[in-house]
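Some notes on the structure that comes next.
Chains here go by letter, A, B and C, matching the order in which they are written, and residues are numbered from 1 within each.
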Amino acid sequence: MPVFYERRQLVTPGDLLAENDYVAGENTHKENGRIYATRVGLVNYADKGVYVVALKSFYVPMVGDTVIGKVVEVTLGGWVVDIRAPYLAMLRASDALERPFKPQKDDLPSLFDVGDMLIANIVAYDRTRDPLLTVLERGLGKITRGQIIEITPTKIPRVIGKQGSMISMLKQETGCQITIGQNGRILISGKSPEDERLAAMAIRKIEQEAHTSGLTDRVTEMLRKEKGEKEVIKNVTEETRKTN
Amino acid sequence: MSSIMASRVRQKRIAQLISRGKRLDGRGLTDYRKVQVEVGLIERAEGSARVRLGKTEVLVGVKFEMGEPFPDTPNEGVLTVNAELVPLASPTFEPGPPDENSIELARVVDRGIRESKAIATDELCIEPGEKVFVVFVDVYVLNHDGNLIDASCLAALAALLNTKMFNYEVKEGEVKIKPGYKPLPIRNHPVAVTFAKFNDKLVVDPWLEEEQVMDARLTMTVEKDGKICAIQKGGYGYFTAEQVLEASKIARQKAEEQRKLVVKE
Amino acid sequence: MSQKKPEKLIDENEIRLDGRKLNEIRPTKIEVGILGNADGSAYIEQGKNKILAAVYGPKEVHPKHLALPDRAVLRCRYHMAPFSVEERKSPAPSRRELELSKVIRECLEPSIFTEYYPRTSIDLFIEVLQADGGTRCAGITVASVALADAGIPMRDLVSACAAGKVEGRLVLDLTDVEDKAGEADMPLAYMPNANAITLLQMDGMLTGEEFEQVVNLAIDGCKQVGQIQKEALRAKYVVAKEAEAEKEEAEEGEE
């Protein structure tokens, strides 16, 4: 069973990864029994499959995903939302209001206006039309506080970690609420801007080093060091104040 | 008002037949459609010709003007080729400035004439560095039923062979027209041969419905001694290196045949 | 102000004006991801050619009626800056630029999985900042890298190189003066996995035998260009990795 690369080697589009009995996984393409990479990334072989973890790719909507979007237009029956995908998403009034939509009475901009950020779920999407959103479930709706950072969507699984290990650690170490949009946007809401900044720093580090091992431990260590330093600075400042 | 787009069923049939070496209109894979050439039909033009290639119809008119030469060729006449996909030729042609298709067509016809040095531009100099003849070749597509390139090139060649220049003399910096005409000096006879690719098959002179199904097209222009003087690949597909070389061999043979329709020995 | 045509383009030792052998391509350097706003970008210097490529998309098509129901539409603009050539060129698109925009689009589309993104557009811009012959080939080469940088899934990279005939010899990668004074110039673009030629043009005069040799020479040039493209894409990643490694080392050193 010929394979042509070692695990975690960098491949480019058109590179021949494997031949014959392998199954073509993500970011690969099989033609005449040969499997080629379709994006720049790190190749991996698992069981009888080969796939590439892309360095850069954009979000492609999937039904059921939770996404963080920005309202870009208010229309007659709803809103147009930018979810950082090749397609703009639609949020119909009926998927935002708990009761039937009355055009004369309900003022859509007062609910969500252009520029507002929302957490939504994708309820429908296929090749023939743009994705449809809903905000009617728990935890969804307009974002009123916190910071939103954007990372490459391919790194989102790393931010979550195996069985949520990474994100649990982040929440614990920073005391922030962290909501993950599958489209590469992450909402951080903490007790102070300092805590939010810590969380953002940690997420950036994860994005940069997503391909390395032992990451969870290193991020934990970094966070603790940062917090420790802050404690020291706080004490020094208080000392200085006391003596003055 | 019928759509020119062939139905899916028909498109499939065309592709299937070709994979078996046959064509819907009964032609062999390397056969041209019937060609009709008429010259001199536009008296106001210095030269003209109309070519019917199957149902594709192209009219070419040649006109002269006097103008300045290009700075790097001060003693040579100037050639300008323009093509118009006249709206009446097809429901898909819209009126307006030349689009990429008409520009490509003009430039491919131009390349064939220019690179084969078909026109003796060194004999078109009136006053070195100052005044030369500018030859305008205008390609006018009247009906589009596929393979506009080959039809246009053939019509351009026929029109150039039909073109007459007035006799003149230069007196005190002024051009004085003298009685009588002489033919435009033509030194080469470029002929374009266009192929359509259907998977591993190459087909010569695709008609409109074949063009809608083909992977890609390849045009090779061949001059009278069998040398290739212009090539243009078009369409979204590709050709393998072997197909390109095969096409070059077929093109040289077909060009000789087609040339005889226009160039009388 | 036009260039004086040099006496000879190739000397008795078969060395060209710029010191190259007949089958050598010009020194080529490609940088990836150099523009901040574009989804993908790349820059190439090949001899005196300096060309920038940028990709936006896939994104919604404007105007909407241009959208295709079953795949993305690739739009391509090849444009030369007014200062890119010896005699200033008007910024308005010339007929040559329009033709090249078309053939370049037709050349790159076979490499993209457009069917994955129906009803969107992928917009590709190629800007020639300085030209010295072979700009459509260098433009295709750098555009293919920009598409990969944008994360657009591709069957293969497209590599392009011109070959031709100058003073009776068959040569690779012609400069502007070689193209103008030579006997034939043939730009070719190639996708190696499918053995696919996606761009092929020629002007000049070649016999059948010469043509076959020139095609093979050009394909060989394309393969060399392909290696440079892959290296450039890898280099961007390696730089990031090295920067991290350096940072880690520095942090460890502090403790």
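Going forward, a residue touches a chain if its C-beta (ideal position, glycine included) is under 8 Å from a C-beta of that chain, and two chains touch if they have at least 3 such contacts.
Being a predicted model, the structure only gives us computed values, none of them experimental.
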Number of steps on the shortest touching-chain route linking chain B and chain C: 1
Closest chain to global C-alpha mean, per-chain Cα centroids: C
Chain centre separation (chain B, chain C; CA means) in Å: 29
Centre distance in Å when chain A and chain B are each reduced to the mean of their C-alpha atoms: 56
Where chain A and chain C are represented by their mean Cα positions, the distance between them in whole Å: 34
Residues of chain C touching at least two other chains: 191
Of chain C, residues touching chain B in the complex: 2, 95-96, 98-99, 101-103, 106, 109-110, 186, 191, 194-208, 211-212, 215-216, 219
Residues of chain C that touch chain A when the two form their complex: 39-40, 57-60, 69-70, 72, 111, 113, 117-120, 148-151, 153-157, 191-193, 229-230, 233-234, 237-238, 240, 244
Partner chain C, residues of chain A touching it in the complex: 10, 12-16, 27, 29, 31, 34, 36, 38-40, 54-58, 86-88, 127-128, 208-209, 212
Residue numbers on chain B that touch chain C, as the complex places them: 71-72, 98, 100-101, 103-104, 106-107, 111, 114-116, 216, 218, 223, 226-241, 244-245, 248-249, 252
